[in-house]
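Data block below; observations after.
Order as written gives the chain letters A, B and C; numbering starts at 1 within each chain.
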Amino acid sequence: MTRTLVFMGFILFLFTAVVAFSNTEPGTDELERLDTSAFEKPQRPGAVFGHDDHNEMAGIEDCDVCHHVYDGKNRVEGESSEDSPCSECHSLKANPENLISLSVAYHKRCRNCHFETNKGPVLCGECHIK
Amino acid sequence: MNAFIAFIMGPMVWIAFLIFILGLIFKLVVIIKDVNARESYVYSYLSVKYSLRSIFAWLIPFFPQSTRQSPVFYAISYIFHLLLFIVPVFLMSHIVLVNEAFQLSWFALDDTLADILTVIVVLALVFFAVRRQTVPEVKYLTSFNDYVLLIIVALPFITGFLAYHQFFFYRQMVIAHVISGELVLILIPFSKFSHMVMAPLTRAYMGSEFGNVRHAKDW
Amino acid sequence: MPKETTTEDVPIVKQKNTDEAVEAGLARLTPERIKTTINQVLENETGPKFKAYVETCMHCGLCAEACLYFLSNDRDPSYSPAGKVKQTIWEMLEKKGDVSTDFLRRAVHIAHTECNVCKRCSMYCPFGIDIAYLMLMVRRICHKLEITPLYIQDTVNSHSATMNQMWVKEDEWIDTLQWQEEDAREEFENLRIPLDKVGADIMYSVIAPEPKFQAGLIYQAATIMHAAGIDWTMPSSPGWDNSNMAMFTGDNEISGRIARAFYETAARLKVKRIVMGECGHAFRSIYDVGNRWVGWAMPPFEVVHAIEFYHQLLTSGRITIADKYKKTVTLHDPCNVSRGRGLHDMAREVTNMVCDSFIEMTPNREHNYCCGAGGGVINCGPPYKGERMINNRVKAEQLKATGAEVLIAPCHNCHSGLEDIVHHYDLNMEVKFLGDIIFETMEKKIFNPGD
């Protein structure tokens, strides 16, 4: 029974230690991140994303894989949208004109592909690195 | 690895929720059948009015005499049980996942607040464990299983906290978080966690006996 | 070595008193019989309710605060309600009935003498688990194993043979009533104790100790009935006793027989309602428990406890108080009429109508501490009296704190138990029934039919 007490004490210690050191993690500032300025009050730091490195590693050459253009419900083949920000179509909240909100668009764009190819980060903190 | 994550965050979530809900329904059906077969007299006394009277009286903080006699335990217990629902249901990360899957969304807690509430849940569990060690009448009743229950509830909260802060083993931590959360759901119908539905039932029966037959309060 | 000690985690530290019936009963038992009996009761005589109570308990220990035994024994956990369940039912379930005679000696002691089945703990358990029911289930098992304590078993034997608790013979019963009638007629010239009056408004019923050694209570009741001009009767045949000790030993078969004989007597006399003297367990037996054994959700007759009856007589002006009682009084709420029937406020109104200065005791009403005697505990008799006094310490402190001269206890079991407490702890209080005080203070009207 004392063992349980010690165990609980250990967990408590772990918590305090972890909270105390949580703001001192260095070295993430220089990472290349996605721009979060379109969000009102982002709760997490922007996703870490090196555009050219990613595409090179993933072997993506066509821009419209990500920078697609939709006409109502159908994707317009051959056209791409790399000159306009994602938030131009994907509003912050889903609405009848655009069913996919900005954050969902980002999440699905990256993660679905990573799941399909079984490569790359898929968990929240793997992109939103603190 | 991504395929495994896709499984525990996809089909496994469905399985866990199905076991949780169907398990509880199954448990209730067994009880009702059992009552019909062996103790149908229960219906002679059960009353909706007095059941609800008793349940609501016991939901009001510090209304029952018992709660006033052990205020610290009850206060922590109330907060703990509320947070057990509030934190997971209103956690932004969870809502984001639900939103992506079902286009549903609702009010989300601020991440920092959720973080603090998580620590409170774990501290409450530590309090329960210490209480089991130190209060003689509780210690006397406590068996190993009671600690196992506390640890099982603590796991999703501890792993969730550690994962959120990305301290170490991030990927493993999230996987542990998802699996332990599903474990809790799966265990609810088959363990003492079932007091989630059993307690209102026993309360309802006692409340009905006190209201209908005894004409007295039971709080 | 055979597995003798059942109790790695429940050490039998206290070798408590038992009595010869328990010891002789234990000596007759074989491991097979113990196992079969326990499993037979647990499998065939319990159901989803029992299962829910055992499964749902989270071992939180909050019930402890409710228990007179726990509080009086310096918060010894083995006296807490759930602690008693742990030492009895849990282990029987865990061992699947394979328990030793040492275990049973302890179990019968706990269930019969360390729990008054007062149900106070059900009001402290957040889930409303009925621990008294679980203790009664232990008593049921003890009954089937024939290890019920001697004195209470004797009262059950008496019930079985005579339909009353005290071996009162039929002629003695009638003789006692006529004797009381004769005495009372010196004070009230045309007073009657009408026997077997078919169609009377009220059947008045008492417990067997009244004719046996408290006949004056029947005298008092008769004078109150007379002064109030009530159309009443008492039965001359077996079935007059409303007490039911079998209810407390788990002898459900005899318990049902007793209740049936009682209701049938009232039915034979075609009375409108049953009024009963100041007894708690008897009230529980005919208002709440006995009816269930004979298949009625609620009693087939209107059952009125003395408190409610006095309240009706006083508020309707059928009896008037000549001079209010002067001494300071306090009121003990018996479990079976307060927590068991919600008569606590009425009891206070009656007390205030007949007494000048009423001092409340704390806790009170539904939350009053048990008298420590009810639920068949006092009926286990002298072998256990010393322990009972230790177990009632908190009750004594509660009584003492009121500083009242007189303690009103509208229940026979409470009354006897509280008298023991008052003597043992030198409390210098008089214990009285409400009827005693009403008799003392009422206008002794002589009732003439037609008035």
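Here is the rule we go by: a residue touches a chain if its C-beta (ideal position, glycine included) is under 8 Å from a C-beta of that chain, and two chains touch if they have at least 3 such contacts.
Just so you know, these numbers come straight off a predicted model, no measurement behind them.
Because contacts link the chains only in sequence, without closing, their graph is best described as a line. Taking the mean of all protein C-alpha atoms as the reference point, the chain centroid lying nearest to it belongs to B. If you average the Cα atoms of subunit A and of subunit B, the two centres end up 32 Å apart.
One inter-chain figure worth recording: subunit B and subunit C are separated by 40 Å, centre to centre, where each centre is the mean of the chain's CA atoms.
One finds 71 Å separating the Cα centroids of subunit A and subunit C. Contacts with at least two other chains are made by no residue of subunit B.
Residue positions of subunit A with contacts to 2 or more other chains are absent.
Residues 47-49, 51-53, 55-56, 58-62, 64-66, 70, 75, 77-78, 80, 82-83, 86, 122-130, 288, 292, 297-298, 338-342, 344, 363, 366-367 of subunit C touch subunit B in their complex.
Here subunit A touches subunit B in the complex through residues 1, 4-5, 8, 11-12, 15, 18-19, 22, 43-44, 94, 99, 101, 103-104, 107-108, 114-115, 118-120, 122-126, 129-130, going by the rule given at the top. Those residues of subunit B whose C-beta lies close enough to touch subunit A in the complex are 1-3, 5-6, 92-93, 96, 99-100, 103, 110-111, 119, 122-123, 126, 129-130, 133, 147, 154, 158, 161-167, 170-171, 174.
Remark: subunit B residues 31, 34-35, 38-39, 41-42, 44-45, 54, 58, 64-67, 69-70, 73, 135-143, 146, 192, 194-195, 198-199, 201-203, 205-207, 213-219 touch subunit C in the complex.
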